[in-house]
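Order of writing sets the chain letters: A, B and C. Residues in each chain are counted from 1.
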Amino acid sequence: MSVNTVRFAVGVLGVFGWSLTISSATQVGLSDKVLVFPYETDFSFVAMIPQKEMGLRAFTLCMRVATELPEERQIILFAYRTADYDELNVWREQDGRISFYMSGDGTFFHLPPLTTFRTSLCLTWESRTGLTAFWVEGKRSTYQVYKPGHSIRPKGTVLLGQDPDKHLGGLEAVQSFVGEITDLNMWDFVLSRSMIQAWHYGHKVPKGNIFDWGNMEYELNGNVMVVDDD
Amino acid sequence: MSVNTVRFAVGVLGVFGWSLTISSATQVGLSDKVLVFPYETDFSFVAMIPQKEMGLRAFTLCMRVATELPEERQIILFAYRTADYDELNVWREQDGRISFYMSGDGTFFHLPPLTTFRTSLCLTWESRTGLTAFWVEGKRSTYQVYKPGHSIRPKGTVLLGQDPDKHLGGLEAVQSFVGEITDLNMWDFVLSRSMIQAWHYGHKVPKGNIFDWGNMEYELNGNVMVVDDD
Amino acid sequence: MSVNTVRFAVGVLGVFGWSLTISSATQVGLSDKVLVFPYETDFSFVAMIPQKEMGLRAFTLCMRVATELPEERQIILFAYRTADYDELNVWREQDGRISFYMSGDGTFFHLPPLTTFRTSLCLTWESRTGLTAFWVEGKRSTYQVYKPGHSIRPKGTVLLGQDPDKHLGGLEAVQSFVGEITDLNMWDFVLSRSMIQAWHYGHKVPKGNIFDWGNMEYELNGNVMVVDDD
């Protein structure tokens, strides 16, 4: 069951100056819960506090996501930003492709469209080779080579629902996420095919050491609902 | 097996003034039966008499539906109307979306298209949160928040096959249903995911306390056929 | 496990005069490996050395292939060329069809599109009848009759990744392969349906007597990566 520890979060998200430090409180644990972003806004988001610093040379990011947004609408799916850089962004682009950006130009994948039903989506990247791929319902996309040698910087902020364009905000409704996200997990290494498939089918896998949905520390802002997963 | 009690229905459907009070007779029970609406008409429909009044603050509506109608054709799938309001309407819109209306503006979902094969379709709504979703073949769509706090009014009439636009009729052929409907059930609460999936797979679930296909009281009007489900 | 025998290949590929004789070294064995062609180039390819001469009056060619390339982009999937002829080419055409050419005009098939996920693709042809078909995920396309009585000439060169338009090169980036190829096998006879399906599902089948992925002799040129299949 989810633990509903609530404590004040003043100053926790130093990257953003505005409402976060005023209105939000940290909660813990999202087991069997879904985040519902019901409307298009420029103020609804969930800040997620990682269990360890996100200076990364490899990662696996997984989530289950559903949206009703029309196909030609840009959608932010995951945003990790430090003061000066978009460190790790995942988007659905206007042309329907899913993209992955680290500090500059991104890389683009043709995947089955996101729909009103949940898609299980993982992303893996490893700095040594630059090999990166998305995994949809446990099936790997074609590998692409993206920024070999790069490192993701630590001490930033992870948001779901909005893309912060700059240090002190810059949220845009037309990029916001509308729909549902659940079961987000992140590891600081590349999971094997069998592990990703196990995660997809809801079997037991090693808990995310950066984000673990069941023990997630998070802060709700604006109109985001935490709903039983049913 | 279905019970074929027939009794006269004069005056039962007080909302409509016209042919209902003259031609139809109430029948009971549709176990293993399918309603076939073979042609486009402005006079064929089935009135369904609920087991309890439909003053509702939550519901689950399920049915199996198949149609050959072209994609750009508007189709009424379920209509519950009181004297002044469309209390609960389900449509397939001209743009292919499935919509749900209560007393005014509706909410729209992108679902897989209805086809010549049967689609199992459920709709859940709960007033407290406004959370609503369609369930297709047991899979839930993205939640939408629709009219939290609203109540559906009692003492109206439920029709399949036509949309009554006003108190005394106003049926339109171009909105009529053509195809098959079976296994319609309705509950005055939100069924759990596992119950909806059980219903989808034809397993045993609690009988609908508003509508129970096996014990349905209904009145056929115009060209509607009751056919063995084979 | 793959055997990584490396020996010099000077002069092995006599058909082409250019960099092959200078830069490449033959390697052996690709068990559990994938060839990743990460970028569009006019210089990245893999030359594959057959286990026996390719004077053929029948064959089965199988591979698993994934690509992110847009649908309207021509793609070379397999090229076997002798000095004067394209002996056996497989393409995805600009109109999305998959084609098969031997020494002149080709034959064209409407198959499911190649995607970012792996497609298992086989091609069978037999000179006596001319019957040819593609097999996608173990399912056979409609037969076509193509060049009955024809023979494929020996002593050519097989390339993956590029189409050599003439004796001394003529590679074009806009025809190059970008994506992944794995598990390529070729036999000098037509495999039965059950054998092709067994191959599709990864079951044991007779090893390819022309190409056997696990014992493949190959030479990497340009930017081609050999990656663990995970």
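To be clear about the criterion, a residue touches a chain if its C-beta (ideal position, glycine included) is under 8 Å from a C-beta of that chain, and two chains touch if they have at least 3 such contacts.
Note that the coordinates shown come from a computational prediction; the quantities given were computed from them, not determined experimentally.
Participant: Whose C-alpha centre lies nearest the centre of all protein C-alpha atoms?
Facilitator: The most central chain, going by mean C-alpha position, is A.
Participant: Which angle of rotation, from 0 to 180°, maps the CA atoms of chain A onto the equivalent atoms of chain C, to the nearest 5?
Facilitator: 90
Participant: Specify, for the interface formed by the sequence copies chain A and chain B, whether it is same or different in terms of residue numbers shared by both sides, with half as the dividing line.
Facilitator: Counting which numbers both chains contribute, under half are shared, so the two copies meet through different residues.
Participant: If you average the Cα atoms of chain B and of chain C to get two centres, how far apart are those centres in Å?
Facilitator: Centre separation, chain B to chain C: 56 Å.
Participant: For chain A versus chain B, what separation do you get between their C-alpha means, in angstrom?
Facilitator: 39
Participant: Of all residues in chain C, which are in touch with two or more distinct other chains?
Facilitator: Residues: none.
Participant: Could you list, by residue number, the parts of chain C that touch chain A in their complex?
Facilitator: Touch list, chain C to chain A: 34, 36, 38-39, 66-68, 70, 115-117, 179-180, 225, 227, 230.
Participant: Going by the contact rule at the top, pick out the chain A residues touching chain C in the complex.
Facilitator: Residue positions touching the partner: 108-111, 129, 131, 134, 136, 139-145, 192-193.
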